[in-house]
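So that you can tell them apart, the chains are marked A, B, C and D in the order they are listed, and the count of residues begins at 1 in each.
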Amino acid sequence: MKKSVLLTAFIFILTVFLPPIGAMAGDTIKLGVVTPMSTGDFRSGKINVQTVELAVEQINAQGGVLGKKLEVVTADDEGKPAAGVIALKRMIAKEKVSAVVGLWHSSVAVAQEKVATQMQVPMMLHYSWTDDLTAGHSDYVYRVGPFNAEIAQLALPYIDKNFKNIAILYETNAFGSGFANYLEKIAKAKGLNVYSIGYPQEATDLKPQLLQLKAKSPKPELLVIAAVYEATNLIPKQALEIGLAPEMQILCSWDWPTYPAFQEILGDKGVGVTYATFESDKLKLSPLGEKFKKAYKAKYNVVPPVFALFLYDEVMILAETMERIKSSDPKDVAAGLKDTKFEGTTGLITFERQEGPGPIWNQWMGHQLFINKLTAVDGKGYKREQIYP
Amino acid sequence: MLLELIIRGITIGLVYALMGVGLALLNGVMRIINFAHGEFYMIGGYMAYYASTMLGFQFYFSVPTAMIITFILGAVVEKLLLSPIHTQEMEKPMDYALIMTFGLLLFFRQLAIKVFGPFRHKPADYITSDVYILGVKISGNEVLAGAVSAILVIGLAIFIKKTWRGRGWRATTQSRQGAKINGVDIGKESWIACGVACALAGAAGALVAPIFTLSPTIGGSPLVKSYEVMAIGGLGSIAGSLVAGLMLGITETLGAFYISSAYKDAIGFLMMGFFLLFRPQGLFGQK
Amino acid sequence: MLKIENVNVFYDGLQALYSVSLEIQVEEFVCILGPNGAGKSTLLQTIAGMLAPKQGSIFFENRPIHGLESYNIASLGLALIPEEGWLYGQMSVEENLLMGAYPKSARKNIKRQMDFVFDLFPVLFDRKKQLAETLSGGQRQMVAVGRGLMCNPKMLLLDEPSLGLAPIVIKDILKALVRINKEEKTTILLTEQNIFHALKISQRGYLLENGKIFMQGASKELLGNKHIKKNYLGV
Amino acid sequence: MKKNEIIVAVTIIVLGLIAPKVLPSVWITVLSMAFYYAILTIGWNIIFGYTGLFSYGHAAFPAIGGYTSALLAQHIGLSPFLGLLAGAFIAGLLGIVIGLLILRVHGFYLCLVTWAFAEVVNVIITAEHQITGGTGGLLAPTFFSGPNAELFGYFMGLGLMMFAFLISILLYHSRWGLNLFAVRDDIDAAESMGIKTRFWKVFGFAFGCSLAGLAGAYFAHFLGLIDPGIGGLDQMGYVCLIVIIGGLGTVYGPILGSFFVVITKELISGYASGYSLLIFSVIMILAVRFLSGGFMEIIQVISPRLNNRYLKFVNK
């Protein structure tokens, strides 16, 4: 009997009490990157990790922060809220990071925001758009990137000028629904005719929705696609296949047409697609931005998308803040970020706070929106042209 | 619009039928459920992709290449992992097969992420020009996929009907013991049938690769569709699978348009549930 | 022709046959008698390779066949006609018969064998396009016997062909068996509960009780045996 | 209840109570997930291991339980503790409905019907995104708040797992359990012995489902969030894997399997992140191919003598 108990206890102890691997404390300051790496929009996740690694490499080459080296730890949120929450909790508890960056999908970040606030670790958002993220007015959430309401406002003049009937095809998640609802509201207020159709983010066959749009009368002249997941490249392709495009212009809500996969899937049919972005050939980058762009191109052999610039800014801001307050404790960092004044890659970054309900809280507002159009294709990629403003 | 929807429903329905007949065949000869069926579809798609990009094959070479590779893979899987169902006296062969093939599903999917990478790929269009059917513009790829699917399904039906081997398979479906005493080597026929079923799935994947594009997780949806087709058409019935595939394709396209696009995938499941509960023999299957 | 030595067979963990031995000569017509559950079906299925004997050996034309798979045994020319028929319900009568000629060696003589079967059971010719599951019990039994004949077997193993059939149909089938034995020179091993009929048409008989050979002898002798008269013929 | 089972239960409770003191804090989340899987798979073990119904839609029931509880908390402010009951209740109720429907089907028809049900549930959850939050998930209040919220949530999970464990043991030794086994092993014989097989089938199914609902509600309120991923096909894969590894139809199987899988996943995530599902699928294939008895058979392979003791310990 005694032996039997020992046996059970042994099995239990063997499995439970083995030391966790990779949790060794070192003489470094840790920076967490929680981003989709296996499922969800892992294409962008990969760029996020590369960007942070490059930034940290540069910082360490100049002597690190507070005399210590910065270290990057990564975790995969799988593009799913529950997995993202667990990944973030594990990262904070296990790695004792000073701050978390690289968060991507809005719906995941919304859940993660609660965790970061509760566990008192600052998180910075470089391209998660939903308003809710900063609307909670948490002291631990900072956003360099833009937000849905801002983007919709910035894009509206272009849409209003050129189109009368527009269609919005959106993912039914925090980002997609939020963007579509806001755009629909302000576009209708301007007297535009709006059709909007949502679809689950995992969907890859969007022909039913596109066929519904095709049957609408009057015909939509513009299709705005608010998507992050798999369907990003498939919607333009399928819209072409059922004969909806190119009569109807396609406006992608962010920079994914610049990814190589877009070209592989659409080929020369991708010419004519437009997309909203915060980058343009006419945008003048700061010296820091030019330096980063060059270094990224040299290391990974592609031009970084605009959100990589914002993410790069964030890492630099974190390093600068730690130096300024002489501490890498997450709570101190969160408090110190408030007073940021940083000459970033695209402009001077400060975080604004507006009392009263609304998403403007620890939010940078200095974005400038452009609409680009793919004009021609050559072997390596599309040529693009800024059509607005 | 209705005409366009029906034509689109038929083209996709033929591909569903192609997936379904493979499963029907497998279920008939081996009496098992294969949850990894969709993964062979995925592998077939990737094989066609690599055959066309790396070896520069046209579709009339790349699709057969995909079929041959998935045939071999299916046969090997049967030999290594599923054959104990026949060779050993197994208490619950169905449960064994369910869990085993589910393990295979996870395995192939995860392996594909590591081997093929998680990014979406697309082979070059098989037919670049569009085709007009009754005034409806359909891409050449879709027409090709529908036509080749129909040819393969009908070819399989003829093979099953006319040849000795096909007759042996049908006999095995209807009475395993009868087939044994008549000299059918069920062990051997199982791996051949499994290979053929997987090759059909691989062909489906290869055919629609330029339409739906490839990613390691694309196996899920066709797996679901093939089960719906098999349940509606009746287990082990080829003609039933063909009709059920068309029925499913058309109902789904119409339902998604007229009822709700968000519930498109529920339509097939509800049809499957209805048939399983109230007409388990399916449209043409035997009880 | 067929020789069985000390065969022990287990079925679902229970022993069904206890060191059974028997021998059958070329062109003989032998029957195995016994009550329900005596192990007659088990014996025939063991010979046909559907069950594996735990101990003992089986020789067919001086060749060991125990341990061979049933599909191998079928191609040697040893055809089992099982009790339940094991017909292919969704296939036509003709296709069912064709399946009987499945072994490669049997595919040459299909025409001749098919004619012989239709000659033996003319009713099948009229129904050759009909699905097997729509036939009556007697017709199904005929299809089963006919299917067994399609491979031009050297030896037929028949498992209770008269079970559950009307007396007039039984007569037809037994008559056919005699013809097969005489005209085709096919050796026949028949199991029967209907002992009177079986002993009438066969040359020799074995009595199987509780998995053991209880007695054996020429059919005429067995017909006069006291034990058999008392227990099986109800005289 | 057997003496050994009491000893095991007490051992688990004691180890569970001291674990947060001894282990790094990251293990609290990890072990809580193990509790969740243990409750979930105890439910499946009752459905499949005890009653012999191969339900392929088991992952739908934690989704139902979790969303029920989270929605009630959101709309009428129900406390998470009552939410557990509500989740278990609704999942059990749906279990009865599905159980009645599947009475007419067997074998893999059963598997397909339950699978279809699970997928329809998933489609509804994603389609009705105005109510359920779609794929983005639904925020739910946590059991406790404050800095120690997670630790208390962990103890909550430990308690719930022990509750499910004890119930499964009691069921195993009771008259009810015998009825379930009779339905599993030989339904015709059970029927002829006067057992109401239809009733017991539905009972076993609904019972397992309500445990799954409980697990789902725990998951939602432990993480503070529920998303449709909880009802996905890969979760069903984990359920199968856990029960197969632990040993099907045994009382200890689900708990052993859950701890093995969750802890192994955590350990290998250090240097093989992204490979865990691949490794598990290989384990699953090999376990099904070579070790139908799960852990017990592994022990047997390693040491036959040990196996005898283990069997003695587990069974008698």
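Quick notes on this structure:
One rule holds for everything that comes next: a contact is a pair of C-beta atoms (placed from the backbone, for glycine too) under 8 Å apart; a residue touches a chain by one contact, two chains touch by 3 or more.
Fair warning: this is a prediction, and the values are worked out from it, not measured in the lab.
With centres taken as mean C-alpha coordinates, the chain found closest to the middle of all protein C-alpha atoms is B. When C-beta pairs in contact are tallied for each pair of chains, A-D comes out on top.
Distance from the chain C centre to the chain D centre is 53 Å, each centre being the mean of its Cα atoms. For the pair chain B and chain C, the distance between C-alpha centroids works out to 42 Å.
Distance from the chain A centre to the chain D centre is 35 Å, each centre being the mean of its Cα atoms. The distance from the centre of chain B to the centre of chain D, each centre being the mean of the chain's C-alpha atoms, comes to 32 Å.
Shown for chain B are the residues that touch two or more other chains, namely 113, 262. Counting only residues that touch two or more partner chains, chain D has 126-127, 274. With touch defined as above, residues shared between interfaces to two or more other chains in chain A number as follows: 38, 198, 200.
Listed by label, the pairs of touching chains are A-B, A-D, B-C, B-D. Of all the residues in chain A, the ones that touch chain B in their complex are 38-39, 42-43, 197-200, 204-205, 207-209, 211-212, 214-215, 230, 233-234, 237, 241-243, 261, 264-265. Chain D meets chain B in the complex at residues 54, 56, 101-102, 104-105, 107-109, 111-113, 115-117, 119-120, 123-124, 126-127, 233-234, 236-237, 240-241, 244, 274-275, 277-278, 280-282, 284-285, 288-289, 292.
By the touch criterion stated above, chain B contacts chain A in their complex at residues 1, 4-5, 8, 113, 118-122, 137, 139, 142, 211-213, 215, 217-218, 221, 253, 256-257, 261-262, 264.
Residues 1, 3-5, 7-9, 11-13, 15-18, 20-23, 37-38, 75-76, 80-83, 85-86, 89-90, 93-94, 106-108, 110-111, 114-115, 118, 171-174, 177, 198, 200-202 of chain A touch chain D in their complex. On chain B, the positions that touch chain C within their shared complex are 164, 167-168, 170-171, 174-175, 177-187, 286.
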